[in-house]
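The following pair of complexes shares a single chain, chain A, combined with chain B in the former and chain C in the latter.
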Partner chain A sequence: MSLVTVQLGQCGNQIGREVFNAICSDVHGTHGLCSKKENESYHDACKERFFIEAESGVPVARAVLVDMEPKVISQTLSIAAKSGYWKYDDHSHFCQKQGSGNNWANGYTVHGPRHKEAIMNLVQKEAEKCDRLGGFFTIMSMAGGTGSGLGAFVTQCLRDAFPSSFILNHVIWPYGTGEVIVQNYNSVLTLSHLYQSSDALLVHENDVIHKVCAQLMHMKQISFKDVNQVIAHQLGSVFQPTYTAEDGLHYSRNPLGDLMETLVPHPEFKMLGLRNIPQMPENSLAYSTFSWPGLIKHLRQMLIANAKMEEGIDWQVQPPRPGSSVPSSRSTNKLLHFNTSIANLVILRGKDTHSADLGSFRDPSLYTSWLNPQDAFSAWKTPRAFNKYEKSASLVSNSQFLLKPLDNVVRKAWNMFASKAYVHQYTKYGIEEEDFLDSFTALEQVISSYTIL
Partner chain B sequence: MVRKGPGSAAGRAGAMPGGRALPGAVGALCRAMPPRARLVPEGLRRAKLDRPQATLDFWRLLYALLKQIHGGKWSEADAIDTQIRFVKLALWYQGYGRPELYRLPSDGSAGSRELLLAFSWLLHRISLLEQLLARNRVRTGDETSVCMCEDDLSQSEQGTTEIAPEYGPEDRVDVRYLQWLNGRLRFQWRSLHAQHQEQCKLLHKIHLLTSGSHVDQILGHFSVTEMDLIRQTENYKQLVQLLERETMQLEAFLEWKQLEPVYWQWMETVLDNMAEEGNMCKPQDAHIEKSSLPKVTSCCPWADSLTGQINKLSRDLMALRDQLHELVTHRKSAWEEKPAERRRLISLQRQFPAGPCEPVLLRVRGLGKEATSEMLELGDEAKSLGAHVKDDREGSPRALVVPSNEAVKCQIKIGWEINVTKTHLKGKS
Partner chain C sequence: MTQSVVVQVGQCGNQVGCRFWDLALREHAAVNKKGIYDEALSSFFRNVDTRSAGDGPDIYKGKICSLKARALLIDMEEGVVNEILQGPLRDVFDSKQLITDVSGSGNNWAIGHKVYGCQYRENIVEKLRKTAEHCDCLQCFFIIHSMGGGTGSGLGTFVLNLLEDEFPEVYRFVTAVYPSGEDDVITSPYNSVLAMKELNEHADCVLPIENESLFDIVNKIHQMMNSGKLGSTVKPNSLVTSSAGITKAVQEKPFDAMNNIVANLLLNLTSSARFEGSLNMDLNEISMNLVPFPRLHYLVSSLTPLYTLADVNVPSRRLDQMFSDAFSRDHQLIQADPKHSLYLACALLVRGNVQVSDLRRNIERLKPSLHFVSWNQEGWKTGLCSVPPVGHSHSLLALANNTCVKPTFMELRDRFMRLYKKKAHLHHYLQVDGMEQSCFSEAVLSLSDLIEEYNELDATKGGPRADPSRLKIAV
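Let's turn to the complex of A and B:
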């Protein structure tokens, strides 16, 4: 079963390229640390999922590239082809001569409908090449111009054309002190539109990844490429093949479906956060050893305390004791520190995964009251190590991870909107104030649902 | 009495009509039976004579056949009373209405002749052999289907169809959890849908890539089974065995079809025997009271839900009928409370084809001078309300609609036959 990736805008295309790079280098690496047979089935599953076998023998990525400018796309295509391990299909991209000037409304109401047919044709072609369409994986930034406006429109078109397929939107949350002054407007509009058409939103925050690069990877000059590589590594750790059942004989052939089913069946809770440990510079890998109990303990505390990485975790935060008097949701401890989860998915890759004990994740106090741990927690495993890490653990969590960032963005956007700043840029292209209000209402609803867990 | 079989009333030549042909027919029938249902000619003969030893075999035979028809799982080791219960239910479902069968004991000790009758009824009624042959075909793997299975969930028999189940205070379920479960179900459905599409796509690929290679020119491509055979050639032995068995069955079936009339003639002798022995009952309604119907068990879930639904519907209908009846009596009693007006209206209805609200034509005689002018006024009023006023030769109104007390005022001699109430003039058109 195959995923079709739709790379939208500059951000989406650059990250998409890094993702395929990471996947390919993982597959071709010699650090699988498992049997040959295991390696082969891993290789086959990964190939089926992301690539098509071409006559030349070089696997072709199942992807559609969309951007308003030609520069980034041609860069992406050439860099990929240079690697020799994989490439993009030469025809599977769409671009225009001019940009959209960082204007969400322009992307959504003008460029979107204008180029809908061309883009959807490309997507349809990719979908038909799959024996089994496992879903769509779109990569975009939330706050830019092309990526966000056009991306929201394209997601809607995907939903209309493929009503029963799985759609996962990977969204890049902008820097808090970003350069684009209307980024909060863009974010609000994007999120509210995506919430309607998409099945799940997997979020990466630029600020967080930047810190990972600085503190964990010890990088001095952090470029976008570094940030993108970390993001690609984290995404790869989620989407590479795994066994989803305890005694599975085959690699799962339905990763998106399994993910959706375990994490986002409820239509109001679609925001997913991602954590991955360990994360360290490549040259330190050889000198480090890992143990599953240590990794799991850290991951769990990262979940509970809403920590962004494995350094600087607040170990004081603990789940509320069961049987204590039911606190109102305004109780300080619960609201400010403890991160309540709806559902969690832990993915373990590497040596001795069978010995890893995940009982601490099945603690009912971690989860909201209306869901029990059997329904809320799942674990996927594979003995095949990922990207040279002897052991690695990822957590995809539907929890209050993104509550604060979301609240911040909506608040800032509302403050701007209250004084009608820059709104004319949007009304010029047909996004009226009612549309803004609808978006605000929708996101307030999401915020409130997550708050009262 | 149930007379089945293509009518060949002629040629009842005693116990074995047709002579040689009967063993042939019976033999063909036995060979045409599917693999797991055993039937021997001797069993048929014993059943005709109502021997108790043949009963168990016949129950087992019917059980095997009906289970195959209805597609359920079964094994020969199932308890005999379970088997008997299932057969009774299945026959009931198919519409077999002969009460003697349902009264047979559940230990299989007697009644082989009744079972023979039921068996023959099935043969004819539901084309038993044809159905079984169709079900047991060797599959080519080229079939895809859309699941049309009905809702098998057991439904409670209490309550009418509209009332939703009510939860007590302890049973409270968070609606978010229900939404969660609903969402999971929908995702699983979508995964299933994708898998189904994949199956169709791969099937298409097989057909596409092997087109032109098949011996059969019209078909032109390989089926899934044939593709599989190419990849795993050691399976051919099994396939050949299956095909040979199916061929034998089909040949037996063709033979049977030719000799079938002989069998039905023989069945008629069975019926005659029963008549002579005085075992025949008067024809009864197809409807058998609930008490004689075997208890519903889990071995027949579809019958369970069907009878449940029928019961519920009939209860709803009864309830509706009662409600209607109530409404009607209520209306009637409200009606009875105004007797005087009723009488007028009733007599109106009797004498005039027009309804009581329509202006009514009255003949009036003997008008005095003052009365005439008043009548004229009234006549105008009546005209304005749409009453038909007929004038006599002198131009004075002869017929109009008049309220009773006005009539007294006019001192008109009573020439009309009815009293009309005031309400009728007040614009009820």
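Let's turn to the complex of A and C:
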């Protein structure tokens, strides 16, 4: 099955390009460390999923590029074409002359309806090129105007036009400060709207990735390209082909379906976080060895202690013991830091994955009580190593990972809203105070649901 | 790509505008080595084939033929505009872009606004429409004028109103040069306050500039250069005041250095809309991020560095200094101290070899020393444009929506009231058709309301900060 990627706005287009780049360089790399046959079927599965074979021999990404401003798209197209390994379709992009100006309302109520037909035509064409459509993967930031406002609108259109297809929205969570001043308004409006039409929201926080670049990748001067490459690597580590069943006979053909089935058991809970391990500079890889028990132990602690990366994990945090109904004050404190999950998915890639024991992730105390722990965890594996890492593990988690970031965004937006600052910029485009209130209400509901897990 | 049109009104507006076009050509010449008419150039210039008769058709692709500024030059005297037409920039304008008269506005806002406004209305609208027709997606009008005189303040704000009526979708950014305390025009407080009412009501953003501040910056650079401390290590083209290497060979005029600063402000403001970058910042993002309430649209600007040293290695210390300087009192383009006032919002427009980590480091470093309004504690907007200004490796334009503009406005009101109480010179205004005394009282009321809005925000500064209680959800 194939996925159609929809890249929206400056951020979405820049990241989308890095994702295809990461996938392509992984497939062409000689680091696979597996049998030739294995490598070939991995290669084929990846190609079917993300690319169209063109007559020229250069694979064409199954993507639609959308922006309201021409500079980023023309840059994206030309950089991709120069790589020589893959390219975008010459006609599968849509741009206008003037951006949305960081105004969600402008993207959602003006640009969206105005360009719906043109954009959906491109999507339709791309979908028709798939023998079997596995769903849509949209990439956007929620801070600006185009990715967030137009992105929310396009997601709604996708839902209407493809009611039975899966839609996964990849959402970039802006830096806490310093990108866009109205980012918290835009985020609240985006998240509340996506929650209605998307199947799941896979979130990357810029602040976290920035720290990964600084502390794990040891970069001194960090550019957006660096940040985007780490994000692309993490996405690749999830969406490159894997065996989803224990028998390991066929590469999964329905990655989005498998992902949703595992991770989104209830429509009230759609926020997915992503962690990976190991993550290090390329030149350190040669001097490092990893064992599955070590990687899995770290990844599990990252999950339960809500650590954003491998460095600085709080090893004191433990899951609550069943039966200890009246915890001492000390353990209450620890319980507060414990990250309760709805469902988790671990993806292992590389040597000897069959020997890796994931039993610790099946521990019922990790999960909320209303779901059967058997259904709450799944593992995908492949012996094919990913992107120069001999062994690597990724975790996609529907848990309280994003509770605090969400609470912060809503709090800051609410503070601003209480003084009515900037609201006139939105009413200008038909988003009224009641619309804001509806969005706040929807997200407070989500916060409350995740809090009481 | 979008286009912008510059409307320069009055002596000051035309002098600043003239410097802008000169430096804009210099900047594009430095970036565009092949002489191809590209999208970046198209934002301020048309490419016209002048060989064909009349107004040649626009050429959208290929070699540069003849560049024409997307501009309208308006003055009610002929002196400055004639000088431009005889100078090295004459080819950038043609007679269809000019509106002049011979008798001037006599430093009287009412003559500029009411008399010339009525008289030239049709003519101005027609020329604006022509200019707009040449644009493929017109995004912004930049109006440049002074506040103290008659033509700039009177007719300039008249044009501002016209633009709102005729092109409601297009942004209106006003660069307004405020008179200093020792202004030689006696009626400048009247003119400025009358013009302020128009700016309050009809502009999307106003960039106030004070001549005194420009003068101080020019002096500062001059002293640095002559003190011998920097001397030959400063790169010749890099001064924010310099005109070196541009089209003209004529002797520099005394105001050129000051006007070049304003011209550079406009270049940096529009750089991210013209050139590529890893974090674009379009013009429409400026008002969206920096204007929390419709009338509070006055943005205090500062440009750093004022010059670049010749050695090519840029230690990050010097990069950080650029950020620190942008917040210091003596780099602001009006007499104001943003550090000791209240920020409503702040934008950093960075050009050149600067990465997001440099931005973040400096925001984190500077934040503790700045006061932000309680509901916008993280009120930072940033843009990264990869093309630096000519002669620089990097540069920064800081735009602050800050209550520090208030003293300038209060002083203006005081000077206005001193004249108005005695009804001094009032008759010169009241004899103009359509000019009532109520125009004066309404104008000063509008200014007072604005000052009051800033006062109310200032009053929240340093007070206890309690988050408003959140929405409650029934569980």
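We take it that the second predicted complex is superposed on the first by the 442 of 453 C-alpha atoms of A that agree within 3 Å, B and C clash if a C-alpha of one lies under 4 Å from a C-alpha of the other, contacts with A are read in each partner's own complex, and residues count from 1 in each chain.
In this section, a residue touches a chain if its C-beta (ideal position, glycine included) is under 8 Å from a C-beta of that chain, and two chains touch if they have at least 3 such contacts.
All values derive from a computational prediction rather than experimental measurement.
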>> Looking at A:58 after the superposition, I want to know if it touches chain B, chain C, both of them or none. Which is it: first, second, both, neither?
In response: neither
> Looking at the overlay, what does A:421 touch: chain B (first), chain C (second), both, or neither?
Replying inline: second
> Once the shared chain is lined up, is A:412 touching chain B (first), chain C (second), both, or neither of them?
Replying inline: second
> Is A:131 touching the first partner chain B, the second partner chain C, both, or neither of them?
Replying inline: first
>> By residue count, which of the two partners contacts chain A more extensively, chain B or chain C?
In response: C
> Is A:444 touching the first partner chain B, the second partner chain C, both, or neither of them?
Replying inline: second
>> Looking at A:285, would you say it contacts chain B, chain C, both, or neither? Reply first, second, both or neither.
In response: neither
> Any idea which chain B residues touch chain A in the complex?
Replying inline: 174, 176-177, 179-184, 186-188, 190-191, 193-195, 197-198, 201-202, 205
>> Touching residues of chain A toward chain B in the complex: what are they?
In response: 1, 131-134, 164-166, 254, 257, 260-261, 264-268, 369-371, 375
> Which of the residues in chain A come into contact with chain C in the complex?
Replying inline: 10, 14, 69-72, 75, 97-103, 145, 175-182, 210, 213-214, 219-225, 227, 410-412, 414-416, 418-419, 421-422, 424-425, 437, 440-441, 444-445, 448, 452
> So in the complex, which bits of chain C are touching chain A?
Replying inline: 1-2, 39, 136-137, 139, 276, 278-280, 282, 284-285, 287-294, 345, 355-360, 363, 367, 374-382, 384, 467-468, 470-473, 475
